[in-house]
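What follows is a group of structures, each given as structure tokens.
What follows is chain A paired twice: with chain B in the first complex and chain C in the second.
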Partner chain A sequence: MKIITVENLNKSFRVKTKEQGLRGSLKAMLSPTYREVQAVKDISLEVDKGEVLAFIGPNGAGKSTTIKMLTGILQPTSGDIRVLGLNPAIDRRKLSYSIGTVFGQKSQLWFHLPPIDSFNLLGRIYEMETKALSRRIAYLTEIFEIEELLDIPVRKLSLGQRIRCEIAASLLHSPEIVFLDEPTIGLDVVVKQKIRDLIKTLSKESQTTIFLTSHDAGDIEQLCKRAIIINHGQIVLNESVKNLKYNYMNQKVIDIKYSDEVSVEGLALKVLKSKGYAIKVEVDSSDCDIDTVVSNLMKLGKVVDITISDPPLEEIISGIYQHNSIGGDGLA
Partner chain B sequence: MLMEAKKNLRLIAMYFKFNLSAAMEYRGSFLIQTFGMILNNSAFIYFWWILFSNIDSIGGYGFREVMIIWSISSSAYGLGLIFFGNSIKLSNMIAKGELDSYLLQPKDVLINIIASGTIVSAWGDLFYGLILFTIVNGFNPIHTLLFLLFCVTGALVITSILIITNTLAFFIGDAQGITSLITEFLITFSIYPEGIYSGFTKLIIFTIIPAAFISHIPVRLINSFNPQLFLLLLAAVVAWLLFTYLFFKWGLKRYESGNLIVNKL
Partner chain C sequence: MRSLNKYFYTFKISISNNLVYAWNLLARTIFFVFIVFVMLLLWKNIYGQKGEIIAGFSLNQMIWYLTIAEMISLSRSNIFSEVSEEVKKGNIAYTINKPYSYVFYCFSNSMGEIAVRLLTNIITALVIGMIYVGPLTGFKVIHLPMVIITVLLGICINFFIYMLLALSAFWLEENTALTWIYSKLVFTLGGMLIPLELFPDWLEKISRHLPFAYVTYAPAKLAVAYSSSGFINTLVYQLGYLGFFIAVSLLVFRRGVKALNVNGG
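For the complex of A and B:
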């Protein structure tokens, strides 16, 4: 069953422009000039009930603008949106009972009060019954492991603790769809993993549909079955994460440090950097085994440090461009 | 309609309790701000007292009347900002795109926004007015009841003006300048005797800067009650509220959100 359908969605903003300096300012006062900026261009997509969808793209690609139109915060310039059969621009209040939203940069918790106070207030804003609310709080407290954070003022929580409370807060009214806008932004590796595990549990246990934006390739790989990549307001790619991984996310970067100088000659590897003690290589996991590469590298000398990472999303997207040869203007 | 009104009143009450407990988090600051405001306002009593020891009346008002318009204006302003503290920050919130979380909740957007914040020092304004009124008027149950009622109507008028001027931010981008200008006008007009205004200024205090409905008509009604005048006051308040609500709704269509964290303005 389709829970979100979007057809030919467009959003443009009118931006006032001016030439540089004071002279430009004076000129703009006398005869203001405007430019149309298209934040979202002709986007169409569908999301099934219970699906975990990754909506990804670099900064300024139009991710947040799209989410804001799906949740009714912004009015589209043109196009048609149906979320749970409702038009968000018209039935915003009705829709708000069935959706939950977390914007990584914007808090819905009161800064000076402990989360439990915000939870109680939010529960009443969503007109929940007292008993149902306290049951729900108890349940979320348990899975999000925030028991001991509930009575500490939010300003004293760490970012990771706060995000856990934020997500719990957005789930109080048992929404059918959850929009998570950059939930892992600014978090360290361990906390990131914890948040991912929580999102996984959530989608498994309650069949909640999750619409996730991120520019962290790890989020997408671990959480989602399907990914939609957007750039410059347009959909660049819409396919399963399995295909995406196989076709575009097969590059791994290995950073390795030795206690003595080593030579990489003779190894059939793409060396990005070699400084004697430290080596950086890129491996294509579709045609060679990471396991073998790593054990070969280890044999070169005594290893002090090793990290294996994904290339940044920007590189993956530019790989997609090269592959599909679309969007001739390249990446911003 | 009635159900909706009840829901909104419940929301306001909920936020009131909530904000009070948030303010109490900083007990010291709460007390200092409250008493500081009382002290600050008290300085003006001295000024008027000196003036009235040389002159008998100004614009038909004696010392008592001037103190009553002062106390109503102060308490009304305080009451408005205790319950609807965000009405003064609205322009800033619009410019920074902070309305998102309110738009995501199943409540009336305007009431949800303005009631969700409070101004701590407004408690000082409220108490100052109450104390001053009781001192200059003595304890008279009917007068006190009328005074409290006029604090509510005054608070609604002041809140309306704050919302309207702040809502201009949807159209002109930054409305903080015009808001403080109009608020300044409104307060100044409402704390000087009605008799000093004539002609064009009189028209202004009954229309676009409705200071007359905050303090001047109330003081007339406290001195001698007139049902027609009382109904006129109530009608004016309702008209302002209605206009404010529709004006905000119209402006909200132009809201552009934004991802601002911190910005130089």
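For the complex of A and C:
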């Protein structure tokens, strides 16, 4: 069952412009000039019930603008949106009973009060019954492991603790769809992993549809079956994470430091940087085994430090562009 | 029932939240004591030269009148700057996607803040009045409920005017001038500096029809010189203006959301 359908969605903003300097300021006062900025261009997509979808793209790609239109906060310039059978721009309030939102950088908890107060208030706002609310709070505090945090003022919580409370807060009214906008932003690796596990549990246990935006490739790899990549307001790619991983996210970057100088001559590797003690190589995991590469590298000398990382999303996107343009020319 | 309960609960939570700012309240209280003290010096001087009664007010009534007007004006929330900032920075996107009326949510939230302030201001006002000029002459406890009603209505009108001015941020990049003008209008035409009776005739007549007088002047006047006709007249004007500003705020909010442009992302 399709729970979200979007057809030919467009959103453009009118942005006031000003020429440089004082002269420009005076001119802008007398005759303001505007420029149309198209934040979202002709986006169409569908989301199934219970699906975990990644909606990814670099900063300013139009992710949040799209979420804001899906939740009814912004009016589309043109195009058609159906969320749970409703038009968000018209039925914003009705829709808000069945959706939950978490914006990583914004808090919905009262800063000076403990989370439990905010939970109780949100329960009232969503018109829940007192008994159902306390049962739900008990359930969520257990899976989010926040029992000990409930009576501490939010301002005293760490970011990781706060985000766990934020996500729990957005789930109080058992929404059918949860929009998570950059839920792992600014978190350290361990906490990030914890949040990911929670999201996984959530989607498995309650069949909640999750619409996740992130610019962290790790979030997508672990959580989602399908990913939609957008850039400059347009959909660049809409396919399964499995394919995405196989085709575009197969590059791993290995940073390795040795206690002595080593030479990488003779190893069939793409060396990005080699400074004697420190080496940076790129590995294509689709045609060679990371395991073998790492053990070969280990044999070169005494290793002091090693990190394996994904290339940033921007690189993956430029890889997709290259791939597509080559494909279009019929060279691939 | 449950749809009203959410606003009442917001009010309750807001009270707890505002108890955190106890020190902030103390600073305001000191300002209150000081401003009325300056007025006391001024009016003592004027009464010394002009006689016992000025425009129907004795010195005792005048000081109580000014104290109560000041008390109402100080019992307001930060709604203007909060809502303006939310609109300008686009954070409003995160507060309007809940199943409530944003305007009334802000109202309940502000009322929590105002309740805490009003309570401390009432105590301060009583102490100031007693110390500066003694008990209010001719005051009857039986009039108290009516006075309280008009004080609360004045506070509500004040809130919705600030709300309306704040919502102008949907269209204006800089709207602080509006609240500056409004607060000066309440200060003058609302009778916080001198009661309307001291205005020239034509200005007094006009002021009695404007909303500013029903924020501060009318409730304060009722407190020091109660009359049933004065109460009815005040009540009619207050309910009329309150209804008007609620309706306009809701309408402007609805228009504003349609025009909303949230930048970033």
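Methods note: the second predicted complex is superposed on the first by the 325 of 332 C-alpha atoms of A that agree within 3 Å, B and C clash if a C-alpha of one lies under 4 Å from a C-alpha of the other, contacts with A are read in each partner's own complex, and residues count from 1 in each chain.
We adopt the following convention: contacts are C-beta pairs under 8 Å (C-beta built on N, C-alpha and C of every residue); 3 or more make two chains touch, one makes a residue touch a chain.
Given the structure is predicted, the values throughout are model-derived calculations rather than measurements.
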Touched partner set for A:K63, first chain B, second chain C, both or neither: second
First, second, both or neither for A:R124, with chain B first and chain C second: both
Contacts of A:Y34 with chain B and chain C, given as first, second, both or neither: neither
First, second, both or neither for A:Q75, with chain B first and chain C second: both
Which superposed partner A:S96 touches (first chain B, second chain C, both, neither): both
First, second, both or neither for A:Y246, with chain B first and chain C second: neither
Set intersection of chain A contacts, chain C complex versus chain B complex: 13, 64-65, 68, 71-75, 92-94, 96-97, 101, 103, 106, 108, 110, 112-113, 117, 121, 124-127
Chain A-touching residues of chain C, taken from the complex the two chains share: 2-3, 5-6, 9-10, 13, 16-17, 20, 91, 93-94, 96-100, 257-258, 260-265
Interfacial residue positions of chain A with respect to chain B in the complex: 13, 64-65, 68, 71-75, 92-94, 96-97, 99, 101, 103, 105-106, 108, 110, 112-113, 117, 121, 124-127, 153
Complex contacts: residues of chain B adjacent to chain A: 11, 14-15, 18, 21-22, 25-26, 98-101, 103-107, 112, 253, 255-257, 259, 261
Contact set on chain A toward chain C in their complex: 13-14, 59-60, 62-65, 68, 71-75, 92-94, 96-97, 101, 103, 106, 108, 110, 112-113, 117-118, 120-122, 124-127, 181
